[in-house]
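Down below is the structure, laid out as structure tokens.
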Amino acid sequence: MSELKAEQELVEDVKKQLGDKIVDTKIQRAKRVYIRVKAGDHRDVIKYLKEKWDAYHVSTITGVDLGENIELLYHLFAYRGNVTVTVRTEVPKSDPKIQTIVDIIPGATLYEREVHDLLGVVFEGHPELERLILPDDWPEGVYPLRKEYKLEVEEVEEVKEEGEA
Amino acid sequence: MSEERMFRIPVGPQHPALKEPINFTFIVDGERVVDVKPRIGYNHRGIEKLMESKTYIQGLYLIERICGICSAAHQGCYAQNIEEAAGIEAPPRGVYLRTLIWELERIHSHLLWVGVAYHEIGFDTLFMYVWRDRERVMDILEMISGNRVNYAMNTIGGVRRDVTPEIVDNALKALDYLEERTKYYKKVTEEDDSILARTVNVGILKTEDAKRLCAVGPTARASGLKVDVRRDDPYGAYDELDFDVVVYDTCDLTARVLVRIDEVLESIKMCRQILQNLPSGPVRVKFKRKVPEGESISKVEAPRGEDLHYVKANGTEKPERYKVRAPTLANIPSVCEMLKGGYIADIPIVFAGIDPCIACTDRMLFIDVNTERKWMWTEEELRMYARKWYKKHLKEVVRERWKC
Amino acid sequence: MEVLELILLILATVLFPGVVFCTYYALFLEWVDRKFFARLQNRVGPWITGPKGILQPIADIIKLLAKEDITPNGVDRAGFVGAPFFALTLALFSLMFVPIASTSGILSFKGDLLIVLFISTVFGIIIIFAGYVSASRFSIVGTARAGLQFVGYEIPLFVSAIIPALIARSLTLKEIVEWQIAHYPLILCFPAMIAFGIFIVCSLAKLEKLPFDIPEAETEIVAGWATEFSGKKLALFRLSTDLKMLLLAGLATALFLGGPAPWGFTLPADLNPYLAALIYSIWFVIKTIIVVLIMSTLKAAFARYRIDQALRGFWRYLTPLSLAILILTPIVAYHFYW
Amino acid sequence: MRLPARFSPELLRHVPRKPATVMYPFVPVEAPEGFRGKHEFDIEKCVGCGLCARDCPSGAIEMVPDERTKGKKRPVIHLDRCLFCAQCEESCPRGAIKLTKVYEMAGYKREEMVVTAP
Amino acid sequence: MGILDRMVKWARIRSPWILHFNTGGCNACDIEVLAVLTPRFDVERFGILLKGSPRHADVLVVTGPVTRQVAKRLKRIYYQMPEPKFVMAVGACAVSGGVFRGAYNVHMGLDQVLPVDVYVPGCPPKPEAIIDGVVKLLKKLEEGG
């Protein structure tokens, strides 16, 4: 496993420094590292990675609907070692609230708004969590990327239109 | 108390080039832009949700249509991603051909952009010449893939078509021609007064800000940030190719034009290497429709910057979740930064210069912090305003710009 | 005898070289311009309408005439309808002074150069008026730009047109042309050749062609002052623009290129007048086409200026330059030409 | 060095040059070998498996009943929805669908833009 | 048919000025529509000019799937054009919604919003195919009066 030196070093360093906050780590392959943390601890981990591993670049934030919970993945890129680090955490779907990271990495602002729009996660402390992507007349409280939102409505419409044609 | 005046204009005439509607709210203090708030979504088609209802095979072609100009980058990224999640590996010849398409696409995209930039400053003849020469790349792409724009070349497990020796010969010839022409355009851009008058010291994005706001692609590289997924996180055949990451540190519009022209030259170099050293063997391996449970991240340097895809598979034929982060979104905060502190009159030029995907601002909302007056402008109105304003304030601006 | 002369005059006014000839010839010049511009851009240009697309401008005009004519809400009706007619009438009227089929125009009197220049100034005012009455944002800004540009190009245009008159010591187009027949085309005289350059550049600005198409820059402000005009009115405006191009090319010919007189030889005085008219008009066509080709080349070689850059160019360079040669001309002319 | 009109020599070089325009449609232009154009469907080879319809990314292939195939169904390809990705050609186990080089498909009615068995 | 009518028809099919509108597409069709104006294809041969103002245009060329946000503006532009006016749908998305059929934010084709005269399928259509669409539109004008 000599080719995974940078990755292992990163994982061990993070574990040593923030041991109690790390739930789980995974080295998937070269340049792909996943770190699982509890919601709330992600800020400390990201801050540490930014300071010590030059991970000032956040590629995006992915939100995944797991059913009960919503999983958030912060895809960072650590320029020291050139590793893509993904910090993952979960928030309950019934009360999806999490601390923002905009003050640590300002580039994350649009990604947080996007996740807020499409999955309804509230980022506490975000300066302007307004609608970004969905149309102005989109109903409140409906989030297209949650599993309960289905595309069926449109399919009914399609049949009707075919009939007209 | 506060006079509130809003007018909306029907979005009239569409600019012939690349319109992707977007909305910005500007907060201005007199003539200076204090803050910028973007609002996107006019082009939101719900691709991520739609992906969940498509099989992996169908997804190949949906993902291609996120952007018609960087279609191969998205599709290749997707194919790479699913391959990793499914645990299969494309054969070397397939990987080389995939890389070839990526680089050809970069040439076509950058040339297109350079042409559009000339068009924006009213240089129609040069626009016509660039687009005429761009047709040569389109011909190679059509020969290799069977279509001019959405190539549908990648598949999960490799590429779908092989190249014949005649195609390789033709492509090499066309590349020679393109190299000569591109060098000429670089010279014109560096020397022609009317082009430089519109680009030098306009729309500054400092290196620090580019870093802070996670700028990607040519925008970041024109601000002196040496980032390139092809070098930092090699994929495809890039770790076997010899290329330079083009960086300019003047941080203005000229740098952005020159970065793209230089990247075309680098891409031509890479295409030659690929065409001359094509490994032999099959171009694809079989993919069995289903992907085991798991996840994967794939990154590609699209013509506009870093493109990230994330897949979460659940063992069926369809993905559980597919996430795409296209480069333009990543650059929006940087664009806002370029505008902040600048003059309102600079807005259209800066937009046009960054990236054609943003040059198409539809409606902008302005709020003056002093009077709380609100109004709305289309891009066209803004440009008209820009002319008027420049007429009045040209001297101060010029003095200020040339100070440093 | 007088009756015959009157009939001939009416024929000349209406048919040749009057309204009908000028209209068709102006449309032909538009075709020359478009075709050559396309060639410079390595394109074909109009092709299917008539041989090599020669009827393209005519088709455009007929189509526009047959289209629905929308008068948008909020416009000043009288002005909106009147402006295009006024523009067309003035353009045709001013062409009556340009020498086409003989050394003098159909209407010719002492000092007619001044009246032609005066009418050409009125064009700028009509454009401002047309944009002003159409009550659209694009039009208003197009108008503002047109007005600014108008102030910029009008003085150098005037001065450069006066310089040939100074050398020929006459303000009458006929006498200027005859001076050139007696001596040589004025473009070969030292200060007049610079004046010719200024005249061409200012003509481009007056015609709102690249690089001075700022008032109707398509990528920026839709179609500027013409945005709201459609159908017949747009057709009349297009026609008047073409006629303006003919007028300016004709003026350049008369002032600098020796008018309709052939180069290299002089026509014998006892030549059949009809034959002479034919030879004159052929040379007029050749010379105006040369002027139009020069304009097309300039159009293709530059990027559009910003209004501030254009104004700076006019005020800082062209106006002082034209005034300087205006002062220089009598001195040079005294020594060499008078 | 900043030069005004740096571009003019290039411009004059183009005056004697022939235009780059291809005179389509007066001169027919053939698409290159392997172009993905209008479909060609061979009912003889079709077994009615429906794999093409399953893989079509835009739902352009509709399966309609037909006695001539073993699966008792054959595809109807709606060109108005088609992406010309050639996935159906790839998915077909019998090679019944082929994409030809025909690209002139513009039409006045959407219903007429279909490829079906004669 | 009088000679005047014939002349008008002749002029009409030889001078179609177009207005291009992207309703939210992927840019592929847009770059092909733009390519049609450039030296290789040069539709000015047919007298086609790209116009900025809807008041000057005869043919509305629409590309891209019609998203909900954009449909209203599209209609307004259409009503601003003077009669007679024609609509051309270029690319699978504008013709039928294409690959985005079923997405929550798009209409199933341009004909849900506006009457369409010519459909040009393809994703994107080759520039030659777009010219073919134009030629077919002109043919329709010639036959339909």
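A, B, C, D and E label the chains in the order they appear, each numbered from 1.
Quick note on the criterion: contacts are C-beta pairs under 8 Å (C-beta built on N, C-alpha and C of every residue); 3 or more make two chains touch, one makes a residue touch a chain.
As the structure is a computational prediction, the values presented were derived from the model and not from experiment.
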Number of steps on the shortest touching-chain route linking chain C and chain E: 1
Pair exhibiting more inter-chain C-beta contacts, C-D or B-E: B-E
Inter-centroid spacing, chain D versus chain A (mean Cα positions, whole Å): 40
Chain B-chain D separation of Cα centroids, rounded to whole Å: 27
Whole-Å separation of chain centres (CA-atom averages), chain A against chain B: 24
Residues of chain B engaged with two or more neighbouring chains: 12-13, 41, 44, 46, 49-50, 53, 61-62, 65, 125-126, 128-129, 132, 135, 147, 150, 192, 194
Residue numbers of chain D (touch at least two other chains): 5, 7, 11, 19-21, 23, 31, 57-58, 83-85, 110
Junction residues of chain A, two or more chains touched: 135, 144, 151, 165
For the chain B and chain D complex, residues of the former touching the latter: 54-55, 57-62, 64-65, 125-126, 129, 132, 135, 139, 142-143, 146-147, 150, 152, 155, 160-161, 184, 188, 191-194, 196
Sites on chain D touched by chain E in the complex: 19-25, 29, 31, 57-59, 78-85, 103-110, 113
Chain E partner contacts - residues on chain B that touch it in the complex: 10-14, 16-21, 41-47, 49-50, 53, 61-62, 65-69, 71, 112, 127-129, 131-132, 135, 138, 147-150, 357
Touching residues (chain side chain D, partner chain B) in the complex: 1-7, 10-11, 20, 31-36, 54-58, 83-87, 90-91, 99
Complex interface listing, chain E residues touching chain D: 39-42, 45, 92, 95-99, 101-102, 109, 111, 117-123, 125-126, 128-129, 131-133, 135-136, 140
